[in-house]
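You will see two complexes here that share subunit A, one where it goes with subunit B and one where it goes with subunit C.
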Partner chain A sequence: MTTPRLSTDGLTVRFRLRGAVVHAVTDLSLTVQPGELLAVVGESGCGKSVLAHTLLGLLPRNATVSGRAVLDGNTELLTGRVSGVRGRRVGLVPQSPATALNPVRTGRRLLEETLRAHGRPRSDADGIAAAVGFDPADLDRYPHELSGGMAQRLCTALALAPDPSLLIADEPTTGLDRPLVDHTLDLLRRRCDTGNTVILITHDLTAAQRVADRVAVMYASRIVEEQPADALFAAPAHPYTAGLLDALPDRAFRAVPGHPPMLTALPAGCAFAPRCTRATDACATMPDLSGTARCHHPLVEQEVAA
Partner chain B sequence: MTSLAAHDVTVSYSRQRVLDRVSLHIGSGETVGLRGPSGGGKSTLVRVLALVQGADAGHVSIDGTWVAGARHRVPAALRTRIGVLFQSPREATDPRLRLDDIISEPLRATGHPDAAVRERVTELADLVGLTADLLIRRPHAVSDGQLQRACLARALAHRPSYLLCDEATAMLDASTQAHVAGVLTDYQRETGAGILVVSHDHALLTRWADRVVDLQTQERRHAATAA
Partner chain C sequence: MLDALPRRRVLRLRPGQTGTLVAASVLAVAILACLLAPALWPLDQSAVALDQTRLPPSWAHPAGTDDLGRDVSLRALYGLRVSLLVGAVAALVATVIGGIVGGIAGTLGGPVDRLLMRVVDTVAALPHLLLGIFIVAMLRPSLGAVIASIGVTHWLSTARIVRSELLSLRNRPFIDAAISGGAGRRRILTRHLLPHVLPRLALATTLMIPHAVWHETALSFLGLGLPPHLASLGNMINDGQGSLLTGAWWASIAPGAVIVVVTLAIAALAVRWREYLDPRVRAELQL
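Here is the complex of A and B:
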């Protein structure tokens, strides 16, 4: 059996606020293999980005983390030193690229700085920029002179420069038009095809469907369903996943009724129950993630087809 | 003639021409999709139509009234007939204001009495699905989806005849996107408003818009006639 690229066990993150505790990530156990592309999807504010920041050791001080996250079977990500790991072995394409770039450096300086830090020649800059669809001629611009989509691609180039074996891409396609979205997704896919691993955090189900091997659906800090991508899009098991898919414009284009719960006041049982048409008294207790879905009344294939 | 229209609008930034004699027509009760490449001038066209940015050449007309452009004073009675919804609700709201104050801002700005403002905010919050406990929060304490709903309520505050949605659902998850589109469609059915949907999501435009205009081909057509 191969060593998983990343395995997490009972990963839990809490933020202490004045008079409240935010349940950002709860009991998250995931295994991602080398060469695999895992998409993590869910509504905004469900804990997707916190997961990325946790794995990179970028959480603010008021966070408490428990559980384990192990890289390549030999490196503890939660307790170990981040030097030599963050950036080099675990890369991040951050959300909101405009705030992630140093405003007083040109794209070229930023990229060359990163390359030098990782022992690669500065002359690689043009090639890496071109690979993400960023015109090398635009490298001499400052971040404020870049459009949102260009800044996004520059961030992707910066994350790829050290050639990390695990790349966490947090909404890497927001603000890009369709051809560039597809270009970026295909680039991530090709990385996996050469044995690297990508965790794609996105709200864009179409993007996940295009490139992911497996999809994990998060709702209110927990993974509620995890399946191979084909199976999930053909036959979602969790009512929430089914609702999300129904909301797509090329499906029913119908919203899931209600709102997600506040992460400071989660119910003891299934957090989706108040919005769920299948909910019964049983849903007052937390269902296990048995099989594919964390649900007392998962959909079976015939129902989905009906 | 009830429509919001751009007539031969040209806009340049320094030496770069982003819009070249672009005309676009949004009729009452109609949903027009607009697509085009990144940096192709879609957002500029929205700002010109919303009368917040002037054009170097060309005009905007609202229901037959010609407007010279934002550099000139546009009467509030015309401006309030257009509602705008932007891509990023974070950048489109004042982080110091509570959601109910964000929604009521356009009403207060036009001198509506307090009681009427409160009543309208409750009505709008109900329309977009924001509960009372969310209304007293500030932007940092709500999700992007909830904040965009507040922006939607704000855009509808003056019961506009035209709504311009500039990638308004690109940052939202599928469910919130469908919800926003549903609220706008209901509003349109009720009031006969015209809606412009700017997006690069083909599936969304196909589903939502009555017709789709491609900014790039429109400009290329001009280039062909000029040659």
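Here is the complex of A and C:
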């Protein structure tokens, strides 16, 4: 059996605020293998981006983290020194690219700086830019002269420059037109086919369906369902997953009613129960993630078909 | 076709540039005159000519002569030399002190930041001029004492600017992005923080020069600046006070005009420079 690229065990992140505690990530256990593309999906505010920041050690001071996250079986991401790990072994395509670029430096200078810091020649800059669909001629522009989609591609290029074995892409397709979305996704897919690993954080289920090997669905700081992509899209087990799939334009095109709970005031039982049509008294206790879904009343395949 | 257009633009001033050109010319002439003065118009600072006192402006003495028969225009030029030197060096001293204090407070944060900022508040609570006078009185009036007294009292705003800039930069997403790209402390500091702080620091220094010139003038005016026989703009305005009562208004006019014109020119250029340093504004200027 191969060493997993990343394995987390009971990963929990809390933010202390004045008079409240934000439950950002709760008891998250994941394993991603080399060459695998894992999609983490869920509505805004379910803890996806906090997961990315936790793995890169970018959390603010008011955060407390417990649990473990081990990279390649030999590097503790939460307790060890991560300075040599960032960029080269774990890369991040940040969310909101417009603010992730230093406004007083051109794309070329940012890209060349990253390349040089990781021992690659500056001349690679044009090639990397072209690979993500960013015209190398635009590298000499300042960030404010780029469109949202261009900034997004530049951020992807910056994350790819050190060629990280684990790339965490936080909404890497925001602001892109469909052809460019597909281009970026296929680029990530090809990285996995050469033995690298990608964690794709997205709320775009269509994107996940296109390229993911496995999909983990997050709701209110927990993983509520984790399955191989084919199985999940064919037969979701958790009612929330089924609801998300129903919201797709080529399916029922019907959003899940209601809103996700506040992360400062999560119920003791299943957090989805208030929005769930299948909820019963049993849902007042927290279900385990047994099998594929964290649910007392998972859907079985016939129901999905119906 | 692309070659032809920009060339025409070089010669044609865009709106708002006339002022910049005037300010730059004034400053260039002033600095050049200061540099060349000893060679072109040598002046014995202690020489007096009691037979030529209080002569009104004429071709021989473009700004007249003072109580002791000294040429006001020439002494104003020598005064400007002193004032510009004092202003530039004092502004540099203030920037270095302020940059170090603000830099430490902004990068370390926490208790160090709180302690340093209380020191800043304490110094700010004392009147600048009073503190400056105290320092000069302790050190005896000399060029070094004047520079020290201005530098030591004027680093507060620079420290605050650098600190707040660093504190706000630390939380900007592009710093996180650089860290996640593998940048270490030093690279973050030199490549991502300094490019933001340095232009502001340079601008603060430039804007401090006219202020320091005024401060030197004020100290000299109070008799605490340079020794009275040495020409400085403050000394001259101070001397001219007495002449004003006897009708020799010109003794104060020349040094006063010089200080107003030169400080305005520096301030105008600094404002223009600030616009240029922002890539956003620069792009608009190039349209």
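The definition used in the following text is that the second predicted complex is superposed on the first by the 306 of 306 C-alpha atoms of A that agree within 3 Å, B and C clash if a C-alpha of one lies under 4 Å from a C-alpha of the other, contacts with A are read in each partner's own complex, and residues count from 1 in each chain.
Here, a contact is a pair of C-beta atoms (placed from the backbone, for glycine too) under 8 Å apart; a residue touches a chain by one contact, two chains touch by 3 or more.
Computed from a predicted model, the values in this text were never measured in an experiment.
Colleague: Could you check whether subunit B and subunit C clash or fit when both are placed on subunit A?
Modeller: Fit.
Colleague: Identify the partner contact of A:91: answer first if only subunit B is touched, second if only subunit C is, both if each is, neither if none is.
Modeller: second
Colleague: Classify the contacts of A:113 with the two partner chains as first (subunit B alone), second (subunit C alone), both, or neither.
Modeller: So A:113 only meets subunit C here.
Colleague: Look at A:177 in the shared chain and tell me whether it touches subunit B only, subunit C only, both, or neither; answer first, second, both or neither.
Modeller: Once the two structures are laid over each other on A, A:177 reaches subunit B alone.
Colleague: Answer with first, second, both or neither: which of subunit B and subunit C does A:56 touch in the superposed model?
Modeller: In the superposed model, A:56 contacts subunit C only, not subunit B.
Colleague: Quick one: is A:151 in contact with subunit B, with subunit C, with both, or with neither? Answer first, second, both or neither.
Modeller: neither
Colleague: Where does A:139 make contact in the superposed view: on subunit B (first), on subunit C (second), on both, or on neither?
Modeller: Neither subunit B nor subunit C is touched by A:139.
Colleague: Using the superposition on chain A described above, determine whether A:28 touches subunit B (first), subunit C (second), both, or neither.
Modeller: In the superposition, A:28 contacts neither subunit B nor subunit C.
Colleague: Determine how wide the angle is at the CA centre of subunit A between the CA centres of subunit C and subunit B, giving a multiple of 10 degrees.
Modeller: 70
Colleague: Just to be sure I read the superposition right, which of the two partners does A:100 touch: subunit B = first, subunit C = second, or both, or neither?
Modeller: After superposition on chain A, A:100 lies in contact with subunit C alone.
Colleague: Contact-wise, after the overlay, does A:254 reach subunit B, subunit C, both or neither (first, second, both, neither)?
Modeller: A:254 contacts subunit B only, not subunit C.
Colleague: Shortest C-alpha to C-alpha distance from subunit B to subunit C once the two structures are superposed, in angstrom?
Modeller: Taking the overlay as described at the top, subunit B lies 8 Å from subunit C at its nearest C-alpha.
Colleague: I'd like to check the shared interface: which positions of subunit A are touched by both subunit B and subunit C across the two complexes?
Modeller: none
Colleague: Going by the contact rule set out above, which residues of subunit A touch subunit C in the complex?
Modeller: Touching subunit C: residues 53, 56, 58, 83-84, 86-88, 90-92, 94, 96, 99-105, 113-114, 117-118, 142, 144-145, 155, 158-159, 161-162 of subunit A.
Colleague: Mind listing the subunit C positions that touch subunit A in their complex?
Modeller: 172-174, 176-184, 187, 191-192, 195-196, 279-280, 283
Colleague: Along subunit B, where are the residues that touch subunit A in the complex?
Modeller: It is residues 37-39, 87, 129, 131, 143-146, 167, 170-179, 181-182, 200-204, 206-208 of subunit B that touch subunit A.
Colleague: Can you name the residues of subunit A that touch subunit B in the complex?
Modeller: Of all residues in subunit A, those touching subunit B are 42-45, 147-149, 174-180, 203, 205-206, 243-245, 247-250, 253-256, 259-260.
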